[in-house]
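Labels run A, B, C, D, E and F following the written order; every chain starts at residue 1.
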Amino acid sequence: MDVSLLFFTFMLAIFLGLELISKVPSKLHTPLMSGSNAISGITIVGALLAAGRGGSVFLTVLGTVAVALAAINVVGGYWVTDRMLAMFRYGPKKDEPQP
Amino acid sequence: MQIYVPGEDDSEETRVPLLPETVRQLSGLGCEISVEPGLGAALGVSDSAYMEAGAGATRPREEGLKSADLVLRLNKPSPGEVDILKPGCLHISFLDPFTDASVLRLLAEKSVDAIAMELMPRTTLAQKMDALSSQANLAGYVAVILAAERLPRLFPMMMTPAGTLQPARVLVVGAGVAGLQAIATARRLGARVQAYDTRPTAAEQVRSLGARFVEIKLGETGQTEQGYAKALTDQQIESQRQALQKHCADADVVITTAQVFGKKAPVIVTEEMVRGMKAGSVVVDAAADTGGNVACAAIGQETMVGSVRVLAFRNLSRRVPVHASQVYSNNLGNLVEHFWDKERKEFVLKREDEILRGALATQGGRIVNPLFV
Amino acid sequence: MTALLFRNLAYLGAAILFILGLKMLTRPETARRGNRLSALGMLIAIVATLTTRGLSFQWILAGLAVGGIIGAVAAQAVKMTGMPEMVALFNGFGGGASLLVGCAEYLYNPQSPAGTLIAVAAAVLIGGVTFSGSLVAVVKLAGFVSGKPLLFRGQKLVNGLLLAGAILCGAGFAAEAGHMPGLLAALIILALILGIGSTIPIGGADMPVVIALLNSYSGLAACAAGFVLLNTVLIVSGSLVGASGLILTGIMCRAMNRSIGHVLFAGVGVAAGKAADQVQGEARPISPQDAYLLLEAAQHVAIVPGYGMAVAQAQHAVSELGELLQANGCQVSYVIHPVAGRMPGHMNVLLAEANVPYDLLAEPQDVNPTMQSVDVALVIGANDVVNPAAREDASSAIYGMPIVNVDQAKTCIVLKRTLSAGFSGVDNPLFFKPNTRMLFGDAKASVAALVAEFKGT
Amino acid sequence: MTALLFRNLAYLGAAILFILGLKMLTRPETARRGNRLSALGMLIAIVATLTTRGLSFQWILAGLAVGGIIGAVAAQAVKMTGMPEMVALFNGFGGGASLLVGCAEYLYNPQSPAGTLIAVAAAVLIGGVTFSGSLVAVVKLAGFVSGKPLLFRGQKLVNGLLLAGAILCGAGFAAEAGHMPGLLAALIILALILGIGSTIPIGGADMPVVIALLNSYSGLAACAAGFVLLNTVLIVSGSLVGASGLILTGIMCRAMNRSIGHVLFAGVGVAAGKAADQVQGEARPISPQDAYLLLEAAQHVAIVPGYGMAVAQAQHAVSELGELLQANGCQVSYVIHPVAGRMPGHMNVLLAEANVPYDLLAEPQDVNPTMQSVDVALVIGANDVVNPAAREDASSAIYGMPIVNVDQAKTCIVLKRTLSAGFSGVDNPLFFKPNTRMLFGDAKASVAALVAEFKGT
Amino acid sequence: MDVSLLFFTFMLAIFLGLELISKVPSKLHTPLMSGSNAISGITIVGALLAAGRGGSVFLTVLGTVAVALAAINVVGGYWVTDRMLAMFRYGPKKDEPQP
Amino acid sequence: MQIYVPGEDDSEETRVPLLPETVRQLSGLGCEISVEPGLGAALGVSDSAYMEAGAGATRPREEGLKSADLVLRLNKPSPGEVDILKPGCLHISFLDPFTDASVLRLLAEKSVDAIAMELMPRTTLAQKMDALSSQANLAGYVAVILAAERLPRLFPMMMTPAGTLQPARVLVVGAGVAGLQAIATARRLGARVQAYDTRPTAAEQVRSLGARFVEIKLGETGQTEQGYAKALTDQQIESQRQALQKHCADADVVITTAQVFGKKAPVIVTEEMVRGMKAGSVVVDAAADTGGNVACAAIGQETMVGSVRVLAFRNLSRRVPVHASQVYSNNLGNLVEHFWDKERKEFVLKREDEILRGALATQGGRIVNPLFV
């Protein structure tokens, strides 16, 4: 049951991912890539478990390295995306639509 | 109610005051209409066409004028004609009162109630009977066509294997009804069009036709409640001339339509400005009827001023008599229908009516229009 | 139980924030806010994870601190021009982390069921490819090595063998119930080599597309790690990124006029030119969608109308497209060849009717000298007047006629219905040039489709 | 285990087919295929369910046979005009089934955890509302009772109390760990009454919207049943239908120029007219999206241009919109009032420039007599020439001028920037009529937005 | 775990449902409604279990009624949708795009 | 190489063969150019403008013709002028060989190599030197403007407060270069335009300008390789007239531009058709130069046929001399540049050249053009 449910979730997320993005102005290509790259740093959740869960020192070190790598990805990714987006001039602020 | 429609004596007049179609409209209201024999001849409309449309008879001018309760005509009557009108009858036509107000006196003396088409107010409601507008509209078109026919170059831009032909530059001075139609027509032909007017609202209207508006700072200008322009001070006229000088020099065609209601048209284009134009350029003074905007124009004629051709024909709409007659005839028809009392089958002169307050020149033996009292 | 419930709710919240964030990142007005929402989601996910019972924090904090600081400093320090490398680098680290997570999980619990082992192998394979591939991209982009594609014979074969080997290792590893960790080690090595091998043949110009693709991979790696840990937020976020990254890759590819197949399997960065010269005789069609992407990204567009625009009565649509391009910040000129159409001034009448301002009209001699700087030349139903045979082929009947040199623009899109010749009957080699794309169909319909693409944004 | 796995894979497949099917149903070219795909998914889900160990088939087959035959016969027999009732009826049965499934599950296993009981309550509540609400809709649509809304004072209050009561019953039921089946019975009764109570005040004209909403509910009911059974395919399919149904309801609402709030909480079917007469003085804005939906559904559109079109230079966009409407199968006429604009023939110049064929131009007296049959009158920057005061208000300065009677069209959309008066300075009561919507903004931008909506399909 | 996963699935399906439909030509409103209504007949899965699982006769009858109702919804729903769609003339057949 | 440009004697000729701009282009190639004094006077271009542009000198006609290696002019030379040309020189101008081929003989006798502008092939490459096209283009525009100026109604449709003015109906017969430009111009002015031509490809071209094409089934018609129309059989002409009759009767303006290369223009519009038109209608015969398409037209004049005005002016492009001169001058300039050998700084007559094969009338003392051998 569990695993099949996971596959359901997986399938739905894939479909959602495919639907979510349809047309992106070219100036947003890089920020979008960078922003979604930051999301893929979610693997940090696994890394945290690996680093904190104990086990051999080797394992812990492995986990810690994973945490560090993932943290770079997450922190750097969001930050750099934010910097890129800060450079844009927006159009009319007032009708900034809610998502 | 007996309606009579006389023809015109002026051999240059090509228009016909009433067309069979309007006869049909009016006889539908219950009017009895008679027309002068040969009324429509200039346009090839036969007397029988009028009869078929519901006219009761053709009558010679004298007989017709004597017996009519309502006279519909194009231009003002001669003093002799006024004299034979039935007292108390209603007379509708252009009266040209600003040039010569004596006809009003004659009409008043004869106790004729007269509506002067040129006094029709410029309101939304009155537009259907506004003959000044409907003729000016045609005049604007004609002015451009006259210029195009005489210009030694094309209006539109063309990029051809034998080089690029630059579009003609057209300057329209005065963006009232005639001016706007001139702008539209010149734009249609592909010219680069600039236009100028003193009324502040004109800029938007010019742009609404896709043309450029020439901005000239003159200080206070403004317009009357009727939408007519106010006359400028001498100093304003002077600075306006100066500012327009270089626009004229650039232009291949200048069309002037500036008028001031009830006054002589302002002189805007000086001889110097005309002489400063390129050889072969054309100037059309479409305000010739009220004295003209171009200093060196010979009213009614086509002349060369240096190497520039200056046209100052009167009554430009006469050059498209088919449509000019159609719109005038409709204006008359709409006017009569508007004030027609269907029960009593007669034209009712309500003094309190806004339109009549403007357009009525004489009533009950007196000149009633405040402009001429 | 409540902690678990809380954690799962937090993960749910994080996933929702990621979804909203991604959605908002696709619109300029909301992009920045979207990115911050998604960062908030990440924070929530991390904090929630830290509530797991029995975690010891010293290592975690060390890792977080080191990684966080490095990330922040790097992100702050990088110059705008260095952004792509930086993104690639971050992405590689993400992939590396997934690889390590997979390994660690296996080592922690070697007796996992086969399903988990398959997931471990997938995480390691995809993570490894992402890691080494991203590093190659960084090195190429930063100019440490030449951006040129490194090509050698049999490259595709080698990559194919590497991939097959990696899959075999993974399958064996899972089949042996994890009893052969050596296979895992081999898998890691093969994955790293594969990542390098599949990236070096790609030219520097195509790197943005490659990074987008590797980004999609790193999502999938995270997803695989999620299956290893049976963790939903990993699966959901990872597959979201994987799928949307794939779409983004496609979008970017088309905006750069590349096909994804070419990017991946040939050294397209420079080879496009070479390869295409050989395929003379084969015109390349383009869809309105792809043409839109090219136009949307263009800084300077030259529109060259011809008789076909008149036949199609496409002038109003063309004028509208021109306005949309200008509104998009692009410089637009209409290049009117003197003999275009069937009468002198034919194009002028039509464009004037469509209210194209005279100032935008240009003659060929004004535009030809700077044609190289034109991003897209949009040829709308013109043929003879853009026929390079007039310049190149002395035997042609139109040799010597000055033409609009659209073939010298960066890209040339030709709108016509077929490949047939124009009035002069002379065949047009333009249609077969490597930088030419044919947008087949009635010109009015094609231009309307482009307009629709622009407005549909 | 393998049977379970197989079943779950089948469910996964079914869900994918539902997703694809729904997507394809939104495009005319693929709709039929989409529906069939989704039916295939349903077949797969049913067959997979039947492989569950320990099921006895006689009852199942009886139920399937009876239901299937009834459904098929009804579907085949119904006339096209009776479709909406039929859909409503089927929908009601779906809701009823969910209600029964919820009850049965509870009765089968009364000692369920609280979560399951909540789900049971939800399934029963939503299913019950769907069931009885749909039946009311059927009865109204079929004309068994008057389509008129049944209104009485305090109706909203009663419905609110019913809902509150139902929720209380449900909560109590779950809180008592299912020990009080009476609460469930009460819940069922309340739900059925609520379904009736919330549907009868709605007029027949709004029924399609109501059915769409009830359809969304029945999806949610299935979803709730899914939570009862912890069955993923139910949850996924149910929530898909629930969410997309909500969107569809919104779309349909706007295409009928209704707000969902009005549909649900007032007898809008007829009351719109009445209610609005009272709000004279308040103009109702409309978004381009909603205006698009009205235009898209219209059979006959009268475009009335005025000076504002000239100021905005919107003629090309207007002409394009006209063409798109015609391509959509709609009859389009341009009604030119003689005094529109600022010079005689002003509109003619502009429309000729934009290539609007002369045949499409009409004068007011040609169109006014049949204005009632015009679905949408699109007033583009005109004001005085559509001012009903000229007809209705003897004290107005323009009284007596013939106007274009756009206020008599089914809907009138006015494009202008503000509520200010036109050239004559006379205020325009048209803007406050119940069937008028104001699309504020520059006419060119507004029309372009409409065009974009059309092309974005 | 189970239940939270179900909520994940639920959330994803809701999002997907919201994204899936954006613009529908008016002539498809009714078919789409009817087609998605048929999908909501998926509750038949629960009904089948209820009817076939045994338990008291009452329960079985309840289940059977549920099966019948759901079957009407499913069979009738798809059928009637197909009939509606069969009436449309399509545009150019050839470029019938894949979903 | 000495180039000489003489003026024209015909007082009706308003065009100038070469403008200073082209002088600049040619002297850039290394030509030595002299012009007749007062060459540009008709357009107000002074001799000094030519000098500034690079002309070496002004020379009286006789002197100039005697010494020139290359003569560029507009119309054909008089026999006396041919007589004084330098043997072996090159002469480029219109020669009107179809009307009177004797000038070719004279030129050949004098061993003058002559290019006749009207023989220029209708190929894409030659278009930049094709003077027939560039003049015809202007003629098409002028024809419409002439008609508009004379029509007693407007071209565009207007829905006005005084009624709807119907647009003029324009029928264009012959949709070659002139016909297409006439269509475009009339459409610009807002008329309802129909057009007719015998060449099958014309239909698409007419529609590409937004006008209606009148379909008439005549059986085989076709066009030559050059794109010129083939002459019709008598029977075809007859059925064409019948079919056009009712279109003429509906039209307010008829413009004919039908020509057949090298032949007299076909008579398409009969007097009966003209008389069947509405009073005040206008017919413009733009094929007057080659005999005219309208039976009752007086070539070169404006006449009334019944109540219909018929214009059959020659050389319509003369009415826009500024642009007509510009394009002719550019045609000449492009022609010389095309065949100019930059090394040898001279005009090279390659006999195998496709363009020269068409345009060269005489060479080396013989008439070489196959049409006149």
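Please note the rule applied: contacts are C-beta pairs under 8 Å (C-beta built on N, C-alpha and C of every residue); 3 or more make two chains touch, one makes a residue touch a chain.
A quick note: this is a predicted structure, and the numbers were derived from the prediction, not measured.
Trainee: When you check each chain against chain B and chain E, which touch both of them?
Mentor: C, D
Trainee: Does the chain C and chain D pair touch with the same residues on each side or with different residues, judged by whether over half of the numbers are shared?
Mentor: Mostly the same residues form this interface, as more than half of the numbers used are common to both chains.
Trainee: Could you work out the angle of the rotation that brings the CA atoms of chain B onto the matching CA atoms of chain F, rounded to the nearest 5 degrees?
Mentor: 180
Trainee: Please work out the Cα centroid separation of chain B and chain D, and write it as a whole number of Å.
Mentor: Taking the mean C-alpha position of each chain, the two centres sit 56 Å apart.
Trainee: Distance-wise, how many Å sit between the C-alpha centres of chain A and chain D, to the nearest whole number?
Mentor: Going by mean C-alpha positions, chain A sits 37 Å from chain D.
Trainee: So, what's the distance in Å between the C-alpha centres of chain D and chain C?
Mentor: About 39 Å separates the centre of chain C from that of chain D.
Trainee: How many angstrom between the C-alpha centroids of chain E and chain A?
Mentor: 34
Trainee: Of all residues in chain E, which are in touch with two or more distinct other chains?
Mentor: Residues 1-2, 5-6, 8-9, 12-13, 15-16, 20 of chain E touch two or more partner chains.
Trainee: Hey, what residues on chain C touch two or more of the other chains?
Mentor: Where chain C meets two or more other chains at a single residue, that happens at 19, 230, 232, 236, 313, 338-339, 344-345, 349, 352-353, 355, 456.
Trainee: Among the residues of chain F, which are close enough to touch at least two other chains?
Mentor: Where chain F meets two or more other chains at a single residue, that happens at 127-128, 133-134, 137, 156, 158, 160-163, 165, 188, 190, 210.
Trainee: By the touch definition up top, name every chain pair that qualifies.
Mentor: Every pair of chains in contact is listed here: A-C, A-D, A-E, B-C, B-D, B-F, C-D, C-E, C-F, D-E, D-F.
Trainee: Sort out for me which residues of chain D touch chain E in the complex.
Mentor: Result: residues 14, 18-32, 34-36, 38-39, 41-42, 45-46, 49-50, 52, 54-57, 59-60, 62-64, 66-68, 70-72, 74-76, 78, 80, 83-84, 86-87, 89-91, 93-94, 96-98, 100-101, 103-105, 107-108, 115, 208, 211-212, 215, 218-219, 221-223, 225-248, 251-252, 255, 293, 296-297, 453, 456-457 of chain D touch chain E.
Trainee: Give the list of chain B residues in touch with chain C in this complex.
Mentor: My answer: residues 156-165, 167, 190, 192, 210.
Trainee: Please name which positions on chain D make contact with chain A in the complex.
Mentor: Listed in rising order, the residues are 4-5, 8-9, 11-12, 15-16, 19, 230, 232, 236.
Trainee: Within their complex, state which residues of chain D touch chain F.
Mentor: For chain D paired with chain F, touching residues are 336-339, 344-345, 347-349, 352, 355, 358, 361, 363.
Trainee: State the interface residues of chain D toward chain C in the complex, per the touch definition above.
Mentor: 313, 316-317, 319-320, 353-355, 448, 451-452, 455-456
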